Amino acid sequence: MDINNIRKDFPILEDKTLVYLDTAASSLKPIQVIDKLDEYYKKYGVNVHRGVYNLSFIATEQYEKARRKVASFINATFEEIIFTRGASSALNLVASSYGLNNLTKDDEIIVTELEHHSHVLPWQNVSNITGAKLVYLPLDEEGRITIDNFKSVLTDKTKVVAVTHVSNVMGYISPIKEIVKLAHEKGAVVSVDAAQAAPHTKIDVIDLDCDFLAFSGHKMLGPTGIGVLFGKKNLLKEMPPIEFGGDMNDNVDKFDASWKDAPYKFETGTPPIAEALGLGAAIDYLENIGLENIHKYEIELKDYTMKKLKEIEDIEIYNLTTDTGIISFNIKGVHPHDAITYFDGDNICMRAGHHCAQLVIKWLEVLATLRASFYIYNTIEECDKFVSSVKQARDFFKSVGF
Amino acid sequence: MDINNIRKDFPILEDKTLVYLDTAASSLKPIQVIDKLDEYYKKYGVNVHRGVYNLSFIATEQYEKARRKVASFINATFEEIIFTRGASSALNLVASSYGLNNLTKDDEIIVTELEHHSHVLPWQNVSNITGAKLVYLPLDEEGRITIDNFKSVLTDKTKVVAVTHVSNVMGYISPIKEIVKLAHEKGAVVSVDAAQAAPHTKIDVIDLDCDFLAFSGHKMLGPTGIGVLFGKKNLLKEMPPIEFGGDMNDNVDKFDASWKDAPYKFETGTPPIAEALGLGAAIDYLENIGLENIHKYEIELKDYTMKKLKEIEDIEIYNLTTDTGIISFNIKGVHPHDAITYFDGDNICMRAGHHCAQLVIKWLEVLATLRASFYIYNTIEECDKFVSSVKQARDFFKSVGF
Amino acid sequence: MNNMEVLYRQVIMDHYKNPRNKGLVQDELYKTIHIKNPTCGDDITVQSKISNGVVEDVRHDGTGCSICCSSASVMSETLLGKSVDDAIKIKDAYINMLTNKEYDEEVELEEAVAYTGVRKFPARIKCASIAWKAFEGTLDESE
Amino acid sequence: MNNMEVLYRQVIMDHYKNPRNKGLVQDELYKTIHIKNPTCGDDITVQSKISNGVVEDVRHDGTGCSICCSSASVMSETLLGKSVDDAIKIKDAYINMLTNKEYDEEVELEEAVAYTGVRKFPARIKCASIAWKAFEGTLDESE
């Protein structure tokens, strides 16, 4: 894994001063992915499924090849992969199609305060409409999901467990496999938000045995405008579509219509074609490096940075034991939006805010946090720059009276 | 309007033998749009709204600039423009949010057999769920929507009129303005499917006074993965979101949340950023040429071709009076999928099938049709090639015994 | 310029115009599979009657292009009377041939060999295989 | 390398640390506007009391970054006692100044002039304008 070579693949890094530590919001894109989009638009940029001419056939083959790549990326089958607009859209599909049609007021939905808004608000809506009860798994003192705490809320009434694979604020990895096993014993299905997991760790849906799992292209070197929903075949089969129209139907009569099988049932209209191809290219890129290597490298950078960060006075770190490349922190007394401007001045990109996860921000009892997240294109030198910028920022804000 | 210069902008046309007559399914893309995508991914390919650092600020400005462009493209305001995955998704949003929440069993929904599946199936679903009655506007003998026939189905019970602006099979332009006026007199709202109109004619939502209007990027020189829903401000304000999650919310508590105003209320998660920018570039390209010029030129090509096509024996044309660049036809006795392969052999791309509009195909009482559609990059020479290929195809199929 | 003759062989046109074994039967001994390609409108139903490991009858009906309809007829003739094992071998060889995969060239495809030309028209391979896929489905049903 | 001093002027820090006119009142004569930027967490409420065409009082409360909170305080001091017409002039000049548009340089921005540095930080312009926008909202309410 040669970081210098990797960096050369990312055109945006031609700006040598740029230190990009906001991968958890969106990753940078390698030229291989950009080239794939260009290839589509320049060589066979036509619609799929609908034509029987050669260019359209090529586009269709490429589109379905991307689906096969996604399937093998997470060890699923072709029919279990639905392309969506993004992880948020995919997670909503589960709630709207499975949730609204299977839950009643006697049921319970387990969620956690670690969830991204996109994995808690859809279930709030299901709860509002069906009357099913939303039950929060109590986090432990570090803010983690533990099996013991999961057991404390899991009951015979539990019908759905919505849980994040990796928290986008705390960087913790949830014990998905154990959660699924226990949930299945109660007959509940498990929806996994893998938006922060897919780019960083190998996912095996057979091993996890989860029922649904979602992620986004743009966080894993792929384009914007595409996400993936994995659903177990037998579940997808019973679920109604939530969008109706072109290409998802079989026969259409004036007052009546029938649907294709999954995944097409859930993909109405012209799909995100270029985006699917780009996601396929991103997966090639990730698999070429190896998810294990990626994870190891991120941890290396994180460990190095965490150690130095801990030594700086007046820095509050909220996830000292993070399992991934995500560090959430604040400079004492300095609002994160003031801090972020300082880092921006050093051309260090980081995020400040509640990271679309207000519940865990409230759990932390802070207004907002800074978040640095590391990925394959970051270097140890960048970690040093970052740490030194943190120190200087603290000194600066002190000096002007914060 | 220099067609040769225009053709140079489309990289796919470097293949000089290619005759692309499938724009109604998806248009080709000019280099200006492809370059805009590249610019985003290579220069500031980060997330929007979420960062307060400079790169993210640039991406956000560009994203919202694209929205302003779309707004001015159809004479709407910024807050009335929602970015979606495509026209299908946009039309579904109207049905799911407005339809499901405002209709009851005593109401009526007027639709037409000219509608694309994406504008009839969502209302079938609303009808199934709410009990509202689906009423079909009777088409005239040519297959057109007429005001008289519209009046014959419009009643005090009509709550929604779902009508296509331009039919993707017949190429007819519907009298939207008059329909809207009459519908409003009855207090009904009008949803307009402008997927085939936006690329070809100037749309002015204030002049039309329509309540909702939808179109797709990929049919108007833009990228895949993006569509637009226009909705009148006061209507959007009252409509509930249908997808919940990051970036569409205001405050989030464990059991309760509030939403942002439109358009953000309807755009959860990371939006199709590159795609919005690409759509903006496509609009620049179209406005640079001028929609009026585009329409005039298409009609020129269509008139020329139609005249020649009519002279060929054994050709059945289904829309002799088409108002746009769309011609639907068949070679007598030859299944369109057999015919299409012949054209493909001449590197002429056309579509065969029901064009996601089975109702009008059934209305025509045929199994499927061939469809040729013309656009700015087509030439008179291509029309000649096409006509001559049609003749040869007819001769060939006769010769082998069809 | 256009090499369509490769595709529309005489055999194919013959079966398209005069389909053999066409029309379905109402009989519990038959397994029935219906396959549709909603996009292009091909819509084929295939029935097979298997007894003692032999394909005793194959019926088909439906609508579609010439390649699709003719191949259902050719298939019915080719497989009728074969042992199930042989029928599967022929079907596999045929599908592999169409999709440019390696296939057992020893297997006698009989009239179905007329579809080798389809390989040059990737967009039509589906048309030529849909009836055979349906037949395959009837065997799965029989198990 | 980092020119943050341009942004964090003494005036700004002073108002951030010691906000003037902070805290809301319960009084029907006041118009209240609440503006939030849910993404960054800025959350500001502004109240104004207008009588006889004069800004008799301005109050504010909320949470946010130093630029956001201080500018609410600076605004309140700047506008207090001005005629509504002048207040609007000042507000317009200030917003135009921030967004690098043309503005009437004759208009006396008073302490609000300290925010000229914000122009160098486009991502923070919103922080510096949110309180002023809220004030603008209270005037619309008063009409």
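Remarks
Here the chain labels run A, B, C and D in written order, and each chain numbers its own residues starting at 1.
The rule we apply is simple: a residue touches a chain if its C-beta (ideal position, glycine included) is under 8 Å from a C-beta of that chain, and two chains touch if they have at least 3 such contacts.
Everything quoted here is computed from the prediction, not taken from an experiment.
Shared contacts of chain A and chain D, meaning chains that touch the two of them, come down to B.
Of all chains, the one whose mean C-alpha position sits at the greatest distance from that of chain A is C. Distance from the chain C centre to the chain D centre is 77 Å, each centre being the mean of its Cα atoms. With centres defined as mean CA coordinates, chain D is found 45 Å away from chain B.
Chain centres here are Cα means. That of chain A falls 31 Å from that of chain B. Residue positions 50-54, 56, 247, 249, 251, 337, 341, 344, 352-353 of chain B are each in touch with at least two other chains.
Touching of two or more other chains is recorded for residues 39-40, 123-124 of chain D. By the definition of touch given earlier, these chain pairs are in contact: A-B, A-C, A-D, B-C, B-D.
Interface residues of chain B facing chain D in the complex, by the touch rule stated above, are 49-54, 56-57, 61, 247, 249-251, 260. Within the complex formed with chain A, the chain D residues making contact are 1-5, 7-8, 10, 13, 17, 39-42, 63-68, 121, 123-124, 127.
Listed in rising order, the residues of chain A touching chain B in the complex are 11-12, 18, 20, 22, 25-26, 28-29, 33-34, 37-38, 41-47, 50-56, 84-89, 91-92, 95-96, 113, 116-122, 124-125, 127, 134, 136, 216, 218, 223-227, 242-247, 249, 251-257, 268-275, 337, 340-341, 343-344, 348-353, 355-356, 358-359, 362. On the side of chain A, the complex with chain D involves touching residues 335-338, 341-342, 344-346, 352-354, 367-368, 392, 396-397, 400-402. Those residues of chain D whose C-beta lies close enough to touch chain B in the complex are 36, 38-40, 122-124.
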